[in-house]
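Note that the chains take the letters A, B, C and D in the order they are written out, and that residue 1 is the start of every chain.
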Amino acid sequence: MHDLILFAQSRGGYWLPPPDSSTAGDVDRVFYFILGVASFFFVLIVALMCLFVILYRRRPGVEAPGSASHNNLLEITWTIIPVILVVIMFYMGFTTYLDIRTSPRQAYDIRVVGQKWSWVFSYPNGHVAPELHVPVDRPVRLTMTSEDVIHSLFIPAFRVKMDLVPGRYTTTWFHPLRAGTYDLYCTEYCGTGHSDMLSKVVVHKPGEFETWLEQAANLLASMTPVEAGAELTRRNGCLTCHSTDGTAKVGPSFKGIYGQRHTFTNGTSAEVDDNYIRQSILEPMALIRQGYQPAMPTYKGRLKDQEITAIIEYIESLK
Amino acid sequence: MTDHSTHPVTTEDAAREAEHYGHIMPLWVLAGVLLTLVVLTVATVAATWVDLEPWNLAIALGIATVKAALVVLYFMHLRYDHPFNALVFVTALLFLAMFLGGALTDTIQYQPDIESYRESRQM
Amino acid sequence: MAKSESTTRPPDDADPGSVEAPRPHAAADHHRPFLAHHYQSYKQQFEAGKLGMWIFLLTEILLFGGLFCAYAVYRANHPEIFIYAHHFLDKNLGAINTAVLIFSSFTMAWGVRCAQLNQRKLLMVMLSLTLLCACGFLGIKYVEYKHKWEDGLLWAGKYHPVEHAEPADHAARPPGRPEAQSALQRPEGPRYAGIFFSIYFMMTGLHGLHVLAGMAAIAWILVRAANGHFNSHYFGPVDYVGLYWHLVDLIWIYLFPLLYLIH
Amino acid sequence: MSDLLTEPRPAAAPSMDNYLTHARGFWSWALTLDHKRIGVMYLVSIVASFFLGGLFAELIRTELIGPGRTIMGKDMYNQVFTLHGAVMVFLFIIPGIPAALGNFVLPIMLGAKDVAFPRLNLASYYLWIVGAVFFVFVLVLGGLDTGWTFYTPYSTTTDTRVVLAVTGAFILGFSSIFTGLNFIATIHMLRPPGMTWFRLPLFLWALYATALIQVLATPVLGITLFLVGVERLLGLGIFDPKLGGDPVLFQHFFWFYSHPAVYIMILPGMGIISEVISVFSRKHIFGYKFIAISSIAIALLGFLVWGHHMFTSGQSKLASVIFSALTFSVSIPSAIKVFNWLATMYKGSIALLTPMLYALTFIFLFGIGGLTGLFLGALATDVHLHDTYFIVAHFHYVMVGGTLSAFLAGIHYWWPKITGRMYSEFWGRIGALMVFVGFNLTFFPQFALGSRGMPRRYYDYGEMLGEHPEFYGYHFLSTLGSYLLGIALFLVMIYLIASLFNGHRAVANPWGGATLEWQCSSPPPHDNFPVQPHVGDPYAVRNFQYDPDVGGYVRVAQTAKPEHPLHPSAH
């Protein structure tokens, strides 16, 4: 309970997390401006209310002093003042919003695909990862879409949020100011695993991003196929639906399936071998294993051939 | 308009007054409207035989609107009805226009995001 | 209902609070059938009913409005779908149906006039004619739907045009319009052509449901007319049903050019 | 202080014929056309759904008392918050004040014998019942997990009972349309001589504005839900990107109704507050015309802002900017109302009886709720706050802090009129205080949660969310608060029910109201008024003075002396 009351944080104030993107500070300015106006009016209203309740409380035998029942000047005053204030609020919100939504031309491009319930970030060199890695101090543009239902990408520290809508692209951008690791949430309700659809943004120190990207992309060169396969199943979001310890999730566990015979909803059966796994990944709807829903997205065009081979070796290794 | 202070308070008054209400449409007006509507229907079909792009849609909708106006004003007696009922009708159109306007403005603006997606997926 | 309640109500002078003159309307209920107890006069009741009906029509317009909005959005953004797909609709049948509905509107309007003029027999004729037209309209609609069904020209999820599916109106197709021509060459038409049929079926389907509802209402009025309920003092229900029926016509007046007469 | 009022002397035995005793037996209720009985049936049904929705709320809060699994799994949680939202919105708050209190009060306040279309009124009630039955089916036949917003394509692909639910909501929509239609026609056609537009009590202006929204917006909800249902059943495709449809278009459809709907929720509440503040301050309402017109303004402007729920949805920049600008326009008429209420209290004679306590609660909580709406209307801040607990806090402050407080104010205010009994003022005040404290404890921490990034509709907030120890504390407080709130509301229900058996008999005018319903006996007779009541200024509360012999207020002759030596020209 010691953490019940947290006082002002070092940056960002009490209400908001520390602002770590180039536009976050502006958003916070709007927030605190509105907070100021709102607090002023709230305090004014409540103070007057309490004052009146005390001053004019009913006393037996004393009639209300009374006052006029309308006063146009007064009415107009308390119409105009809020009008002016909300125009300012709108204007501040509007200009900052244009900054948030208009990405600079030389931004670093990353593609994002959302699916139930994982994120896939693809980098210009073809590398994919379930976490978002970006260089510090450089604008990054995300071009996003969804494989199934609507998701939404939210990075509180950067004050950005944008939906991932199936059947179209949406974009957002940010310019991280500090290296570090930040939270990334899905904020559009997307079903069972909505609250698990979490990831991280890793903002690399100057120069480190490129090294990371090169190494990460070269998975197959730097690792054994089994290791690479394990890493690939993690990065491509397989593990949100498949476990490696034998428990069934949305899909069957990978553990021990290699070599088993499985029956399918269409009545046929087959042994789990290289071809079957390849087919499961590329055309998941072709054969649906009994007891499961046809819920798996296709990875056609998203996984290279050697990568699939590595995954097969990895699954084979899970005895 | 809906002020009832002038309403009769006794049964006899009420009965007497009840004799006269509601506008009775002369038959020739009804028939004339019918005729006009049929002519306009023919006209709107005929208008598609000629290529007046980009005006075809406007012409079709224009004719439809004239027809609708005739139905509303004469078949539905709105011309002789309480002005408030006319206001109700116009309000419906106004709010429909607002809805349509909002949705159209936005979808037209973001259409490129859908197109580029479809192109990239060769759909 | 209101009437039966008023008969069980204790006589006014038994009302303990009543000190002034007895209410004028209460005793009159028996002499003035169909006047609800909370109205002063037929006129007031009629005007209230009419206002209520107009508000109801407003809600109907907005209900259809959603579909008009969907139509506008897809037509504005994908005109090619509409240009392609409307050729599968039969302009002639559409035009005939328009005429049928217009005529039924006319008989309905005449029917209202009959009710106002105490012409009971003629009123029944007019209502019957209106019903007949409604049946005709639905019959033609059925023929159209049947063709679409057979040709697999259904809404997007079930849009599988069969090979021989051809536009219904060869004659009406303008010869010199290449984009429509080339679109027609593809067996499935432009991508997502099924959306047109989704909209088509929703609009005409909802309209058809309204025709059915209108027919039920007209039948009800017909029965009441036969029982001699209506006269120049009391003809509200005929007028209200008439208004509803005209609205159904009104919507069709827009559906016809929007769906059948695309250029 | 005002104990004079709290212990009214038992009134004379009520007149023999009131609407409760007018006819007896089940069918005399089930088939009644009396707006008062329909109102009472609505009241009972709506309170029942509120308690059901509240039960779901307590389940949500209990699950969230700590991170990880507490009492249910993820799917279950998703269903619970969906049903909580759907029940509260469609079954409770939208019909709440208009159909229950409005039905009872509107014709009497107007001086009419009934609503314009009593049969339609009854039909509206039964449609509500049918809609509610559909929701019960949803509940027992597999639940619903779409969120109350039914966003596609989730709602068209999930395997829960979406079709049943949208059918239910569709039917409830028509119930609401019929109520609205009836009210508009009644206010237009059944005003007795002397009841001019600017003599309408403000509650009626509010109901009129509400009815405008009900008839203009609800049909669009109807067609939207219809399309979702057909889309699921047949694969219509209008909202499904796989078939060439557009899911963002669904959001336009949905919010074109659902934003105006939030004003269906709040406007009647504002109307009640206007009545209560004036009566319990014993002062003419301040700025009558401004309050009346501002209700209509809110109703109409409310139609122009629906896109503010879609700032991050992929809606275009242009549309977002327009909608943001228009959003702020709605806050102006709301501000006018708040200031006018304060001015009404100024130099009044304020009695802190239960309805007034709720009215003050309303101003306090709606103030917070409305002012936090400004953060959401501003584009830049909404991008950060959208779909976080800040939103949850915002709308509970307006819907629970605002509407529910107003509803409670209204129930207490008209309780003597409806039931003929006085509730216990002592327990009433305790209840109001507990509601106030419990409510703030529940929802204030959620502002902090949300602005710090806690997303809504999250089952869990453990370590996976990152380093957020403060989330634990705030959620814990919120859950505690919700228990207190639950107990408070339970208490309110208990003493109100108890008053039916042991409450003092109510006099015709226990509070000193000048609107017409206080001129007929408590409970009112079957036909409302044996004689046409005298229609005057609905806020001339000074014309009614407390008469110890009657135990309530009675009309006195207009006094010629000036109200106050310093304000000779008052009124």
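In the analysis below, a residue touches a chain if its C-beta (ideal position, glycine included) is under 8 Å from a C-beta of that chain, and two chains touch if they have at least 3 such contacts.
Everything quoted here is computed from the prediction, not taken from an experiment.
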{"item": "Contact-richer chain pair [B-D vs A-D]", "value": "A-D"}
{"item": "Centre distance in Å when chain C and chain D are each reduced to the mean of their C-alpha atoms", "value": "35"}
{"item": "Centre distance in Å when chain A and chain C are each reduced to the mean of their C-alpha atoms", "value": "48"}
{"item": "Touching two or more other chains - residue numbers and ranges from chain D", "value": "188-189, 216, 220, 245-246, 248-249, 252-253, 314, 317"}
{"item": "For chain C, residues that touch 2 or more chains besides their own", "value": "44, 47, 51, 55, 58, 61-62, 65-66, 69, 73, 191"}
{"item": "Residues within chain A bordering two or more other chains", "value": "167-168, 170"}
{"item": "Set of all touching chain pairs, with the criterion as stated earlier", "value": "A-B, A-D, B-C, B-D, C-D"}
{"item": "Residues of chain A touching chain D in the complex", "value": "1, 3-6, 14-17, 23, 26-27, 30-31, 34-35, 37-38, 41-42, 45-46, 48-49, 52-53, 56-60, 62-71, 74-75, 78-79, 82-83, 86-87, 89-90, 92-94, 96-98, 100-101, 148-150, 152, 154, 156, 159-163, 165-168, 170, 182-183, 185-196, 198"}
{"item": "Touching residues (chain side chain D, partner chain C) in the complex", "value": "15-17, 23, 31, 33, 112-114, 116-120, 177, 181-182, 184-185, 188-190, 215-220, 222-224, 226-227, 230, 234-238, 240, 243-246, 249, 252-253, 521, 525-527, 530-531"}
{"item": "Interface residues, chain A side, partner chain B - complex", "value": "145, 167-170"}
{"item": "Chain B to chain A touching residues, read off their complex", "value": "110, 113-114, 116-118"}
{"item": "Chain C to chain B touching residues, read off their complex", "value": "24-25, 27-28, 31-32, 40-44, 46-47, 50-51, 54-55, 57-58, 61-62, 65-66, 68-69, 72-73, 76-77, 91, 95, 98-99, 102-103, 105-106, 108-110, 112-113, 116-117, 172, 174, 176-177, 191, 232-233, 235, 239, 242-243, 246-247, 249-250, 253-254, 256-258, 261-263"}
